[in-house]
Amino acid sequence: MLYRENGQFKTNYASDQQIFPIAQDRVVIVALLAFAFVAVPFLASEYLFRAVLIPFLILSLAALGLNILVGYCGQISLGTGGFMAVGAYAAYNVLVRIDGVPLVVAILLGGVCATVVGVLFGIPSLRIKGLYLAVATLAAQFFCDWAFLRVRWFTNNSSSGSVNVGELNFFGWVIDTPAEKYLFCLGFVALFALLAKNLVRSHIGREWMAMRDMDVAASVIGIRPVYAKLTAFAVSSFFVGVAGALWGFVHLGAWEPAAFNIDRSFQLLFMVIIGGLGSIMGSFFGAAFIVVVPIVLDNAPILFGIPIDTATASHLTFMIFGALIVFFLIVEPHGLARLWSIGKEKLRLWPFPH
Amino acid sequence: MGFFLETLIGGLMTGMLYSLVALGFVLIFKASGVFNFAQGAMVLFAALAMARFSEWIPKLLHLDSKFLGDLLAFAVALLLMVVVAWLVERLVLGKLVNQEGVTLLMATLGISYFMDGFGQTLFGSDIYKIDIGLPKDPMFLFESVFQGGVLVSKEDLYAAAIAAALVIALAVFFQYTPTGRALRAVADDHQAAQSIGIPLSRVWVIVWSVAGFVALVAGVIWGSKLGVQFSLAVLALKALPVVILGGLTSVPGAIVGGLVVGTGEKLSEVFIGPMIGGGIEIWFGYVVVLLVLLVRPQGLFGEKIIDRV
Amino acid sequence: MKLKTLALAAAIAVAGTCTVLTSAPAFAQAKEQFFPVLVYRTGAYAPNGVPFANGYVDYLKYVNAKGGINGVKVTWEECETGYATDKGVECYERLKGKNATVFQPLSTGITFAITEKAPGDKIPIITAGYGRSESTDGMVFKWNFPLTGTYWDAADVLIQHIAKLEGGFDKLKGKKIALVYHDSPYGKEPIALLQERSKLNGFDLSLLPVAHPGIEQKATWLQIRQNRPDYVLLWGWGVMNSTAIKEAVATGYPRDKMYGVWWAGAEPDVKDVGDGAKGYHALALQHGAEPNSKIVQDVLKEVHDKGQGTGPREEVGQVLYMRGLMSAMLSIEGVKRAQERFGKGKWMSSEQARWGYENLALDQKKLDALGFTGVMRPISTSCADHRGAVWARIHTWNGSKWEFTSDWYEADQTIIKPMIKSAADKYATEKKIPRRTFEDCQSDTQKG
């Protein structure tokens, strides 16, 4: 009973089909965006930007991409780290080899290259399903790991195999402070989240969801499996590739292929499942959980003044992290997004029990 | 030619060792439908337990015989794995009955994180030695036929023999004992098995315990080869293509898959690798599996996937 | 689910995020010199990371026991990186705000990432015996200090030693040398130098990468058995080293023809191989295992005897422990040198400390006074040379301990110097940073 949702009637299709039909939801979203764009750059500390907010934003973009593939289209993919690597290295090569390319164009081209690779490794999904597909996508992960270590052209013939990026220049505005990097990433994430939300609400999204629920029945009623699955891989890899480029350029600055290894793929899959499969908001919740919880667990002993040595603290972090994942899966297998919707449902009635 | 034989034999035996780890996956999937990503962590945990107990027990009980000490350590480690199996069933699996495969997969990943941390807390993060008397020096066969002879690693040979024995024992167990039949019934259809009186939770504890036993044997063998340390958990990633190639529900499939992946990896690394810079065995196994799956989506020996609409 | 449960969960989540928000670092006391200690005590590389960390922290405790750096107390905080780059970056971000003096990442991946951030934050990085070889050039890499040597120096010394064994550089022609390396920037570093040397001296170089973490080496060693190289150079870390030696045993390759880099020549690498590792050689980065050195006796007396030892007593004096000790000593000595210029007994900022690292002048007398006689040779850095020394020796495992089996070698700079310059120039053009001028080197870069 915090607010009343009824009484808001729509008079045309456009207002009926908007993403946030309830006025209160629109207000909250606008307030959140205003807070994120305007207030946070002034309020947050440098540590918060560099260690929490920027990784959170970039990984939630990647989680969005993976959620489209796993949550909306039902194809389990463990090759996400490899696609991020493709995006990062492709963007790096565009920037280094072609003069005068704007940063944003380079990042988007990185995404395009990741799309091509994603579609290529998505072709097996037409034949292979479920867990078998998950392991088949590991081939993509390990192949990309190897390719970026072995093929010197990708790393611009650097002797060590590690690459670094020069200054980031967004149409003349040099991005070097943490707040600027945060805003740059936030811009990308906001745009891409809007894109994702609209995609999943459209007929493509419905085709994906039909493939996820019952692919044979879907093809019987006329949805082409090739089109649906490959577009899912394409869109997902685009998002993931852009996220990879941002991770390398903005967050790390200099990287080696190990930054995009299989642990990264597992981490993203965790985010998507903990956050909620098939939910845009869930990707953000999952990313926040996976980014923040280890930092909290690592720092909690110091904050509470309990002197544990770093090894034990690190082990405890692993244990508590694992236990929390299992706990969340038991309590709410559909993820944090579902917990959030249940919460909103309860708040609609509060303080009444039913 | 001699070198080719050498590589082939080496690959076959490595493949047998992979199938040891893969067996754990297959067992658990066969009986409870859960793809246990925590198998690698279980191998590490079991190996750590064995390594540390074989250090602590002789000191505690003032034993002189190394054999007795190792045997006791093995028994205690096995007991520990049974306890782990019981806990996993009670705390995780029992609460996640009927959930989707992806959720169960994630739960096992959570368990693997937990076991990584717990194992290192209990037993430490150093490299530990397991010495069960396997010979380390190589054997050279056919020295008259091929120059330099064909190298066969004695340690690998013993390990492969142990793996083969284990597989045969498990196959017999599944086919001919009542418990084995109960496990196959549960794998087939949980509800039907329950309706004829097979206690589901007890079956799962048994399955996870047997998988724990397999993990222990795998951990001991790999541990004596590589030393017991954190990277043992990475072995699971090498065993995954074996599982998938053989089919998720087939014990002989795990062996055949292991042999194929093992030989494929070694032959490709030695003969194709140098042409493209080397280091390809890490993805070659997976690519082979990918190609096979394109032809047979259920793996070589897996159950055919039938989609009902 | 009940509303109460949801509310409780939400409250915990908010509390959790608040701890992150408030974990914004507090500033250290002005009279204390803070050293962040990036370690890995867990994960795949823990067996090698733990003795290093214990040596590093023990030396800091020792300095405090002796009265600090001319009276300035030393404080430190360990941060677990697990050898992962993003955890290393998080540790860096968290600890730099506490007025960190210098960072020692102990991982090539983390080094690359922090090298991008350190100039902006004005904090020096010491990469003693690892890191980017071209960061020797202090005119481009103002904030990086690969003290005591880089991988190009290491590879060069190994070739010199092999040439000596063969009877001269001209005898190297036609010999086969294989490099078994960890497939990562760390392992690839020596390749450039080895290829130059191979062209110059005429030996046959074969490159055999081993994927992380290095437990799969059967195919590599079967190839070695087939090709029969005269020498095998091992560039591994962690479990890859002991696996390599075990595979060498399993394929019958003589261990005394194997030479490891200084990160592949410590007790964890050979301990569990036992007798099989007898005869295995490795580079000693100036020091080897030094249980009889004066500094070890001092540390045992001042730290371990008072119950303050970070690790077990048996570890003191082992190879990696000594490396930690030496790295910590270099950190402290840089600050001491900075104090000589900017005020003895005062707290040094990271920029002042950087000047100290750039002007290190540890001669034999000073080393003797510190207790490092026989452990290290004199080291002196300058604006153009952030490395300071290029000496190394070979030590061999005799089944129970490491013994020195060669004289001191000095890495030959005729090949290395132009390589450093061209690599540093490439970096400078990529990042669009100008080379420093000599005026900048002399300048008074002093901030209070």
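A few notes on this one:
By letter and in written order, the chains are A, B and C; residue numbering begins at 1 in each of them.
By our rule, a contact is a pair of C-beta atoms (placed from the backbone, for glycine too) under 8 Å apart; a residue touches a chain by one contact, two chains touch by 3 or more.
Source: prediction; values computed, not measured.
Viewed as a network of touching protein chains, the structure reduces to a complete graph with every chain in contact with every other.
Remark: among chain pairs A-B and B-C, A-B carries the greater number of C-beta contacts.
Here the spacing of subunit B and subunit C, counted between their Cα centres, is 37 Å.
Mean C-alpha position of subunit A lies 33 Å from that of subunit B.
Contact of a single residue of subunit C with at least two other chains is seen at positions 41-42, 46, 50, 183, 209, 211.
Residues of subunit B found to touch two or more other chains are 120, 125, 277-279, 282.
Residues of subunit A in contact with two or more other chains: 145-146, 149-150, 311, 314-315, 318. Residues 3, 6-7, 10, 14, 120, 125-129, 136-138, 140, 148, 151, 153, 155-156, 225-227, 229-232, 234-235, 238, 265-266, 269-270, 273-274, 277-279, 281-282 of subunit B are the ones that touch subunit C when the two sit in their complex. Against subunit A, in their complex, subunit C makes its touches with residues 1, 3, 6, 9-10, 16-17, 19-25, 39, 41-42, 46, 50, 77-80, 82, 84-86, 89-90, 93-94, 97, 108-109, 112-113, 115-117, 120, 132, 183-185, 188-189, 191-192, 209, 211-212, 423, 427, 430-432.
Those residues of subunit A that touch subunit C in the complex are listed here as 45-48, 50-52, 55, 96, 145-146, 149-150, 159-162, 164, 166-167, 176, 251-259, 261, 263, 292-293, 295-296, 298-300, 302-303, 309-311, 313-315, 318, 331-332, 339, 342-343, 346, 350. Taken in their complex, subunit A has these residues touching subunit B: 70, 76, 124, 127-132, 135-136, 138-139, 142-143, 145-146, 149-150, 214-217, 220, 262, 266, 269-270, 273-274, 277, 311-312, 314-319, 321-326, 329-330, 333.
Residue ranges of subunit B in contact with subunit A, taken from their complex: 35, 91-92, 95-96, 99-103, 105-107, 109-118, 120-121, 125, 237, 240-241, 243-244, 248, 276-280, 282-283, 286-287, 289-290, 293-294, 297-299, 305, 307, 309.
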